[in-house]
Amino acid sequence: MQTTTFEGIITYPITPFDEQGKIDVAALNRLIDRLVSTGSNAIAPLGSTGESAYLNDDEWVQVAEASIKAVAKRLPVIVGVSDITTQGAVSRAKIAESLGADAVMVLPASYWKLSDEEIFEHYAAIAQAISVPIMVYNNPATSGIDMTPELICLMFQSIDNVTMVKESTGDVQRMHKIAALTQGDLPFYNGSNPLALEAFAAGASGWCTAAPNLIGDLPLRLYRAVKDNDLDSARELFYQQLPLLQFILKGGLPTTVKAGLALKGLNVGVPRKPLSPLSASNTERLETLLKAFG
Amino acid sequence: MQTTTFEGIITYPITPFDEQGKIDVAALNRLIDRLVSTGSNAIAPLGSTGESAYLNDDEWVQVAEASIKAVAKRLPVIVGVSDITTQGAVSRAKIAESLGADAVMVLPASYWKLSDEEIFEHYAAIAQAISVPIMVYNNPATSGIDMTPELICLMFQSIDNVTMVKESTGDVQRMHKIAALTQGDLPFYNGSNPLALEAFAAGASGWCTAAPNLIGDLPLRLYRAVKDNDLDSARELFYQQLPLLQFILKGGLPTTVKAGLALKGLNVGVPRKPLSPLSASNTERLETLLKAFG
Amino acid sequence: MQTTTFEGIITYPITPFDEQGKIDVAALNRLIDRLVSTGSNAIAPLGSTGESAYLNDDEWVQVAEASIKAVAKRLPVIVGVSDITTQGAVSRAKIAESLGADAVMVLPASYWKLSDEEIFEHYAAIAQAISVPIMVYNNPATSGIDMTPELICLMFQSIDNVTMVKESTGDVQRMHKIAALTQGDLPFYNGSNPLALEAFAAGASGWCTAAPNLIGDLPLRLYRAVKDNDLDSARELFYQQLPLLQFILKGGLPTTVKAGLALKGLNVGVPRKPLSPLSASNTERLETLLKAFG
Amino acid sequence: MQTTTFEGIITYPITPFDEQGKIDVAALNRLIDRLVSTGSNAIAPLGSTGESAYLNDDEWVQVAEASIKAVAKRLPVIVGVSDITTQGAVSRAKIAESLGADAVMVLPASYWKLSDEEIFEHYAAIAQAISVPIMVYNNPATSGIDMTPELICLMFQSIDNVTMVKESTGDVQRMHKIAALTQGDLPFYNGSNPLALEAFAAGASGWCTAAPNLIGDLPLRLYRAVKDNDLDSARELFYQQLPLLQFILKGGLPTTVKAGLALKGLNVGVPRKPLSPLSASNTERLETLLKAFG
């Protein structure tokens, strides 16, 4: 298995659409370039924020390819992989690997609830098909599937290239549990923006976030303060960005981040229906929030 | 708008797969024939039980077409329509109509949570594209989207061909609310098997269920007892089938119903991965349950 | 063990206070007299509605004694028994029995959550101390303790004078479960007003309610329609009283029922602090609702 | 209003009972003496851990008086005040003040749910009756009443001697909210043991805990590491004590802490029924956990 170390700020680019609703590769290139240069430790295209769920197979490949090319090995790339059938997820994982992804971040998707055995087999099937590391991604609020720390740690111990977990429940007790169950061997990453400070306090290896799209290196500075064992500065940096973090989460990340990028002069289009663009009043509120960051 | 009255038992066929995982149209024909002749008031292909979520576009069209043809106008057909993008859902609704569906049952799907306005616009877009009636389908346990009675009734009052609602939360208070908000004008259908008796008591127009796949006309006899104002018989019929209803719900409907059909001699394949076939021990338990019905 | 059959409408009187906040026995007598004559099958003082939780020991005895005397054996009396310590609950149960209660309705109370074993021992201790029947009362929304059907049925099967259960969760599936676990041997009573119709449909032996304080014999007529196997009439009677049932539940039963009794000319004082009297706007709404019943 | 600063580790003594179930004042004295000398910044008798809810009025006064005397002004004392009626809570608050409490910690209690207005009035009534500071105590898991950050901050801004809040939900987002709503002016204290590290990271002024009964100065050392801006040490100290913190919370604090004190040679009796003593197997597990601390 190949190994790339992921640590610190793992940034999600949104997926820009043009006025016809097609992927806007030029805007994606500009955005990724900015993210690489302003303060990320890794780039994660095709995550929740990247509207991956709303793309068809061709579009998904197009974004994966363009993103990896845009990063151009300046940073590690972890590609979000999810599909409602195991076959589809395996296929996407193989494509991601073949395009040069350093790792894949796998969110289980299903319509019917899955048993722990079904989830395990889903991951095992994907793992068997590729040789890059897999980050297990738990986000029940969007996927409807909740993986317990026990299941996640079992997969880490049983499936070779399951090597990382991204916890997006916002429940720090799960991080404690993961640390306890693996004696600290399984690196966990926080995917809940308003938990950024406390997840780092609890020992998270990284923070997966779309915030750098809008507030540049502030997340990175928080991470560095933690690394410098400077809790007081970390706390101050966290509370400084918290209102923005809460706002973009509450309004739906693709919706709010796309509106914010437009406010910052980068036109990336609107989210795909049934998602609506941010309302005028919320856009105004976002503008006020962004002004605080200069 | 065309109008077809839906009342009583609305039955979901499962979607049979062959050993290669392809749609098994011959088995689908046999199954639908049996469902039509043993006691249903309408047939509803491509619902949750029909694994609609796991089919690609071509398969979806194939099942819709074959089902409508197999029913052959002996009963009304209501086709399940759902897609993660509004554009995809509109497209499926139009195909269903063009194939001869008497109505469509629309479940909202999304990865990101939708606001009430986004849900409303989703239904409005579909309604505008077709002229057959729409049954709003609320099933947050699987879709992750919960529509309040208030929103559902607003859509009924504002969107022309939204004329029915299927409530699958299992919360009878929502049925009371729907009745109150529309003075009884919006027909509601129960989609939670273990609530069948109480939903009819509360005035449900019908029961959408996969149970007739396995227990023939028992659901229909329950419905008729209610129509005959014979609560005592209805209660007896309900408790007779309740253990089976609970079992097929708990194990996941495609999984358990497919296992049950195999036990009854109709080979319909297994559910699509990540769903697993019913375990041996649960299959044994299902066999015991089915024996009680002779 | 003595046995008294409880069936049908089991009515809770509120506990009247005078202007000094003392028990108003004269008002209690008038109220109980009215409840006995207008349509109840049993009287249940010192329940949730009776503000039992807010009374000190002396007041509790005073209300138990006065209520039993006021009913004067015209109907069976079931006295609500609850205390935060087992010793206190045993003591109240013995007093109720000595005063002539036909049964006691026991709600577990605790500050710290109780294990199933602790709940079982609590009931066993009470049962051992008295010889009248015990109705297990499950109302987690107020008591904070949720007893599963499994635990309740175990106590029914293991503790001699546990002979009835009042389910107030509003979850009809629990009634199905109780019926299944005891092959219908354990009579269950519904304590959730907005579930009155469906609980009877599911086979409830009775409905424990404060509604007769305000709407006379309407609950009894609903019960009789069910007994007459006349579902259509039962449904009509239910929907007629449902808005009132929802209102008195939502506003807190002591608060709303006391306000309603005042509107009907019976001054019973206000609930005890921290509970506040019904607001002016809600009182107005209640008046409108009551007018519908003439 | 008097003011005493509360910061750091606020320790709950359990309430010892003798073999007859009476308050064991001698054991209470020994325990408090130990807590004062081994590492607390304040002592908080009659909290949840102190089984305050299960004591009658006389016992409550006895414990309050004995505790204040035992602390003997070596540390500030904050007395837990709670009663199901407002009148009872006011009475206890006045007694606590008259006995020399430096502050009172007030948990709202009710059987029926309270509106925000009712909760506000409850606190206002208590505040008006005393002149020592009030710590608002939010612990819905035991009290059944959940106070939002908005309500808590409103009371802080509107009621003179409401000056602190203890949050025991374990939800760090509420702490963020309290900080935001009051620009950091309202000191918040963490009451959820497994959140100790993250609450301090988020800026908590203190940690209310029963852990010092069993693990001496470890909580205090965690607090000091935070004060020294040494996150790495704080994290290490936290994970060291976390298994014990989780264990004593899960088993119920009075139950587990009393069992642990017995294991450490201080006989403090068993919790009051309906609470049961810790089971043999759990006592064994606790013994193993305690051995890790030498």
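The first chain written gets the first letter, and so on, giving A, B, C and D; residue counts start at 1 in each chain.
Methods note: a residue touches a chain if its C-beta (ideal position, glycine included) is under 8 Å from a C-beta of that chain, and two chains touch if they have at least 3 such contacts.
For reference, the UniProt names are A, B, C, D = 4-hydroxy-tetrahydrodipicolinate synthase.
For clarity, every value in this text was computed on a predicted model and none was experimentally measured.
Undergrad: Comparing centres built from CA atoms, which chain ends up most distant from chain B?
TA: D
Undergrad: C-D or B-C: which has the larger count of contacting C-beta pairs?
TA: C-D
Undergrad: CA centre of chain B versus CA centre of chain C: separation in Å?
TA: Centre-to-centre distance between chain B and chain C: 39 Å.
Undergrad: Using CA atom averages as chain centres, what separation in Å is found between chain C and chain D?
TA: Distance between chain centres: 35 Å.
Undergrad: Looking only at which chains touch which, which shape fits best: line, ring, star, complete or other?
TA: If you draw each chain as a dot and join those that touch, you get a single closed ring.
Undergrad: Which of the residues in chain B come into contact with chain A in the complex?
TA: 48, 51, 53-54, 84-87, 108, 110-115, 117-119, 121-122, 125, 141-144, 252-255, 272-276
Undergrad: Would you mind writing out the residues of chain A in touch with chain D in their complex?
TA: Those in contact with chain D are residues 170, 172-173, 176, 179-180, 194-195, 197-198, 201-203, 226, 229-232, 234-235, 239, 242-243.
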